[in-house]
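So, here come the structures, one by one.
Look at the two complexes coming up: subunit A is in both, with subunit B in one and subunit C in the other.
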Partner chain A sequence: MKNQSSFKKRRLSVMGMTIGPMTAWTVLFFVFPLAYIVSLSFCGRDAYGGIVYAFTLKNYQTLAKPVYMQVLGKTLRMSLIVTCFVTLIAYPYAAIAARAGKRVQNALIAGIMVPFWTNALLRIYAIMNITSANGLINTFLLGLGLVKEPLQILYTDFAVMFGMVYTMTPLMVMPLYANLQKIDGSLLEAGRDLGASPAALFLKVIFPLSIPGIVSGVILVYIPSMFSFYIADALGGGKSIIIGNVISNQFSTSKNWPFGAALAVLVMGLSTLLILAKNLLTKKLDY
Partner chain B sequence: MDNEKMIELVGLTKTFSQTTAVNNMNLDVYRGEFLTFLGPSGCGKTTTLRMIAGFEEPTAGQIILGGKNCEALPPEKRDVNTVFQNYALFPHLSIRDNIAFGLKLKKLPKPTIRDKVEQAICLVKLEEHVAKKPSQLSGGQKQRVAIARAIVNEPKVLLLDEPLGALDLKLRKEMQLELKHLQKTLGITFIYVTHDQEEALTMSDRIVVMNRGNIEQVGVSEEIYESPRTRFVADFIGETNLIAGVVTIKGAGFTQVESCRKRYSIEGDYPYRTGEALTICVRPENIHFTRNIADVGNYNCMEGIYEESVYVGNMVKHILRNPAGETITINRLTRKGEHFEPGQAVGFCWSPKRAVLVDAQAGPT
Partner chain C sequence: MRKRFNPGPALFIAAALAILYIPIAVMVIFSFNRQEAGVSWTGFTLKWYLELLAHPDAVRAFTNSMVVSGVTTGVSILMGAFAAIGFHRYDFKGKALLDSFLYVPTIVPAMLLGVSLFSFYDICKIPLSKGTIIIAHITFCVPITFNTILSSLSGFDASIEEAARDLGCSELGTIWRVVLPNIVPAMVSSGLLAFTFSFEDVMTSFFVAGPGDQTLSMYIFGQIKTGVKPTLNALSTLVILSMVTLGIVTQALQKREKK
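So, the complex of A and B:
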C-alpha cells in the first residue's frame, strides 16, 4: 500500500517535470498575452494615450464604423485574391515536385525554402527596388520604348498583393507537397487501369485526394495575409492599407492600445472561425 | 476454355538497370482460362502482369491482346483490368462509386451503370456496404470491392496480383472458392499471380511455373505435380525427394539410373541419353518401407539411416539419410503404427511408375 502511494507520488513528480515547463510556457507566452489583449480591448484611453482600466464597450462601437469595416472588407477581399493566386501557383509546383525524381524534387523544394528562410523584409525591399520608378522593370520597359513614362507599380494594391503572393507561396506549397506525395501511386495506376485519361485521373482521383492539403494551405496563407502589415507598409506606402496596418498603427503612432486590441480580437475571432470551419471540413473528408 | 488465344506473349523481356526480371517469355493464354503464374519471390510475376496491363514497357518482345499488338496502347486503352495486391481502392469514394468508377468514365447511360453496378455488388455479396468508405471495410470485403470494381467493366482479361495475400487462412480458402466460382460464372480469362503452390494447384486450369524470369514449365495442376520437368519445379511444388544419378540404360519405356553403385529403373520415355546426369524425383507419399511389402519384385529399393519422425496429425513424416547423404522423407499414415529407432538401417522402396526424372540443372535458361 505504502509502496503504491510512493509510486504514485513519483509518477506525479515525473508528470510535473514533463508537463510543467510546457504549461508554464503556454501560460506565459500564450494565455497571458491573449487574456491581456482581450481585457485591454474593454478598457478606455486618456488624452495622452494612457490606458484607463475601466470597463467600456466604446472600442467595439468605434470598430463598427464604416471606415474600419471598409478596411476589413478590403483586407478580406485582398487576402482572398492573394490566396487564389497562391493556390494557382503552388498547386502545379507542388504537384510537379511530388511526382518528380529525387534530384528535381530536392531542387524544387530548395527553390521554395531558401527564399522562405531569407528575411522577409529583405525580400520586400528587393521587390521595392525592382518595381520603383527607376527600378529594374521600368528601366527595362523605358529602354525598350514600350512606355514613355515610368509605370506606377510600387505603392499600389497590385504591388501589395504581388508581395503577399510572393511571400505566402511557400506556406501553400509545403502542405500541398506533403499531401500530394502521400497519395499512393497504386491509386493512380488503378485509375488508369479503369480507363481514366490523365485529365480524368486528375479530376477524379488526384484533385479530390488533395483537398485536405489545399484546405491546410488556404488557412496558412489567408490568415497571415490579413496581418501582413509590413508588406502593405513597404509596398503600399500608406496608400494601400490592410487591417494589419490599422492595428499596427493603434499600437504605434495613434497610441490607442485598447482600440488596437479590439481590432486584433475581431480579426482573431474571424481566424478562429476559419480554423473551426477547416477542422469541420477535414473531419468530413477524413477517410 | 476454348482454343481462341486471348493473349500471346512473344519473346517478352524486361530488363531493369541490372536485373533481367522477365527473360524471353513465350506464352499463349486462351479465352476463359484460369491461368496462374507461380514462382518464388522476385521471379518476375508482377513485372509480367504490369507489362500486360501497360504499366511497364517491355524491353523486348510483344504482347498481343485479342489478336492486336498493344505495344502503343496506354493502360487506360487496354481491355484488361487489374486487381491490385493492396486493393488500391479510392479512399474518397464510397464502395458504390468505387465500383462505378470505370463505367462512369466510359460515359454509359446512367441506368445501365446503375444496373451493372447493382449486379456486381450482388455478385460479390456487398449489398450492406455500398454506402461505406473503403476504410470502413475489413480486408476480405475490400478485396471483394477490388474484384467487383474490375469485373464490372467486363474486361477481356482480369489480372490478379496475389489478391489473397493479406487475408487469414480461413478467409483465403473461402475467397479461393468464391473467385474460382466467379471466374467460371463470368467466363472471363483470369491471370492470377501467387507464390502459394497450394492455391495455384486448387484454383488453376493451367499453371506457369516461373524461376528467375524464365518459364520452367506450363501445364495443368496434375502435370505440374505428377510430372515435373525440371528439378526446380519438382522441388518447388509440393514435397519431394531428389536423388542424383547418371543414366546407364535408355530402354524402351524405361530408363535406368545409377546412384551410389545401385541401379534404379524409372518408367516413361525420356529424351535423356546414356551418361547424362539426372535427378530422380519421388514424392514422400509414394515411398514404402521394404519390410511391409511381401514381394518387392521390380520395385526400386534403397537403404537409409533413420534420423527422426515428425508427427503431423493423420500422417507421420519419417526422415532418413540415404548412402549419398541426401535427405529422404517418407510420409506414412499414422494408423500404420510404423516405428524406428534413430541410427537404425531401414530399407525403403518405390514403384518405377511412381518416380520421374528431371534435369539435374535448374530449368532452361
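So, the complex of A and C:
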C-alpha cells in the first residue's frame, strides 16, 4: 500500500467508466427529453405550428374543455373496464396455476407467456382476423342462423376493449401468480382444520393476502391501456378514440406539440398518482 | 380427506387458453389458404409467402429492424454489463437511489418516451433516422440488460476476483479477464430479451423514425390499419415463429444459468 491516494483515484475512474455511460445516457436521453416535454407544455404555439417559448397556461386551459375531458373520461372508464375483466380472467387463472402440481404449473405459465412473446400488434391483428365481417365469428354465427347479416364487431369500442383484455391479461397473471404461490399452504390447512368453508377460506385468508399482487397487476394493466393508441387505431378504426390517440395526433397530424405535451403531462401525472397510491397501499398492508 | 374431482378449474383454464390461442391459430392456418378472404379452406399454398418476398417495403422494413435491433442489442449489452459490474464492485452513497432511477425508463409508457424524444430531437436539430430509433430503443433496453446481468453477478464468487488481484491483475484487467467471461451467459440472455423488446416496439419508434426507416413492427402497424390480408397473415406467422423460438432460447439459457 505505498500509494493509497492513487489507488483511490484509479478506483474512482474505473467506477466512472463502468457506471458512467449508462447514467449519462439515461440523463441525456431520458431525463432531458422528459424535462423538455414538461416545459413544452407551458409554451405557446404560433399560427404555423411553431413553438413560442413564452410561459402560458393556455394548454392546460384548453385541456379542461369538455371535448378533451370527455375523451379523458372515456379513456379512464375503458381502462377501468379492461382492468376489471383482466382481473376476472387473470385471478382464477393464477390461482389455479399456483395450486397445481409443479409440472402443470410450469405448463400453465408457459401457456400464457408464449403468446406474450409475440408482438402485441400481431395479436391485435389476429383479433381483427376473427372479428371481421367475413371472419370466423361471423361465419360461425351466420352458419348457425343466429344472425341474418354479419355483426359489426370490428371497429367498435367493444373490439378495442376486447383487444386490450386479450393483450394485457398475461401482465396481470404474472404478479398474481408470484403472489399467490407464496401463500403458505399451512395457513390454508389451519383454516380448514378450524372449520372454515372454502368460501370463507378464500375471503378471509387467500384474498386479503393476494391484494398486493392484484394491485401491482392493476398498475401494469391500467396505465398502458390508457396509452395504447395502436389498439384503438387498429380495432377501433379511428372511431374509438382514447387519450393516447389524442396525444399522438397532436405530435403528428395536428402539429400542436405544446398541447400534446400538456396532455402527456396530465396522463403522466395521473399514472404517477396511481403508482404512489399503490405504494401507499402495499406499505399499509405490510404493517 | 375428501377429494372430489371438480371440473370447474380445468374448464376455465381450457376456455382461457382456447380464447388466447384460437385467433393466433386461425391467422397461421389461413396464411396457407389459397383463397384470399373468408374462412373456407380452399387448399394449401405458399404463394402468400412468396408474394411477401416480392414486397420491397416489407423486405426493407425487415432489414431496418435487423439493423436497429441488432445495434440496440449490442450497445445495450455492453453498457448494461459495464454498469452492472460497477454496481456489483463498488459501494457508494446514493447507490439504491441511482439503481431505482436507472430502472425508470422501462416503466414509463413507451409512448411518452417516444413523444418526449421526438420533441427533444427537434430542439437539438437532430434529423430523424435509424440512429434516432436506435437511441430511443437503447434508452429502454439498457435497464433490461443491466438488471439481468446485475442479478447474475450477485451469485458471483468474489474470491476469484481477489485471487486475480493478488496475482497482480490490474483493476481493468480483472474486469476484462475474470468478471466478463463469467457473465457471458447473462449477457447473451439479456441481449435476447433486449432484442425482443426492441424488435416489437411500435409505440416509441412510431414517433422517432425517419421517413424511410420504418421497422418491421411499424410496417405491420401500417398494414393492419388497411385491413385483413393473406400476405399479412404470412408475415405474422413468420414473425410469431421467430419470436417464439427466440423466447424459448432465452428461457432455456436462463434456466441453464440458474443451475
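Just so we're on the same page, the second predicted complex is superposed on the first by the 263 of 287 C-alpha atoms of A that agree within 3 Å, B and C clash if a C-alpha of one lies under 4 Å from a C-alpha of the other, contacts with A are read in each partner's own complex, and residues count from 1 in each chain.
Assume a residue touches a chain if its C-beta (ideal position, glycine included) is under 8 Å from a C-beta of that chain, and two chains touch if they have at least 3 such contacts.
The model shown is predicted, which means the values in this text are computed figures rather than measured ones.
In the superposed model, A:204 makes contact with subunit B only, not with subunit C.
Residue by residue along subunit A, subunit B and subunit C are tallied for touches, and C comes out ahead.
In the superposition on chain A, contact is made by A:10 with subunit C only, not with subunit B. In the superposition on chain A, A:124 contacts subunit C only, with no contact to subunit B. Using the contact criterion defined above for the overlaid structures, shared-chain residue A:187 touches subunit B, although it does not reach subunit C.
Of the two partner chains placed around the shared chain by superposition, neither subunit B nor subunit C is touched by A:253.
Residues of subunit A that lie in the contact sets of both subunit B and subunit C are absent, per the superposition on chain A.
Chain contact summary for the complex, subunit B toward subunit A: residues 53-55, 74-76, 80-82, 84, 86, 88-92, 101-102, 105-106, 133-135, 149-150, 153. Residue ranges of subunit C in contact with subunit A, taken from their complex: 9, 12-13, 16-17, 19-24, 26-27, 30, 37-39, 79-80, 82-83, 85-87, 89-90, 92, 98, 101-102, 104-105, 108-113, 115-120, 123, 135-136, 138-139, 142, 146, 171-172, 175, 196, 199-200, 202-203, 206-207, 217, 220-221, 224-225, 227-228, 232-233, 236, 239-240, 243-244, 246-247.
Against subunit C, the residues of subunit A that register as touching in their complex are 10-11, 14-15, 17-19, 21-23, 25-26, 29-30, 32-34, 36-37, 40, 89, 92-93, 96, 108, 111-115, 117-130, 132, 134-136, 139, 166, 169, 223-224, 226-230, 233-234, 244, 247-248, 251-252, 257, 260-261, 264, 267-268, 271. Contacts from subunit A toward subunit B in the complex involve residues 184, 186-187, 189-197, 200, 204-205, 208-209, 285, 287.
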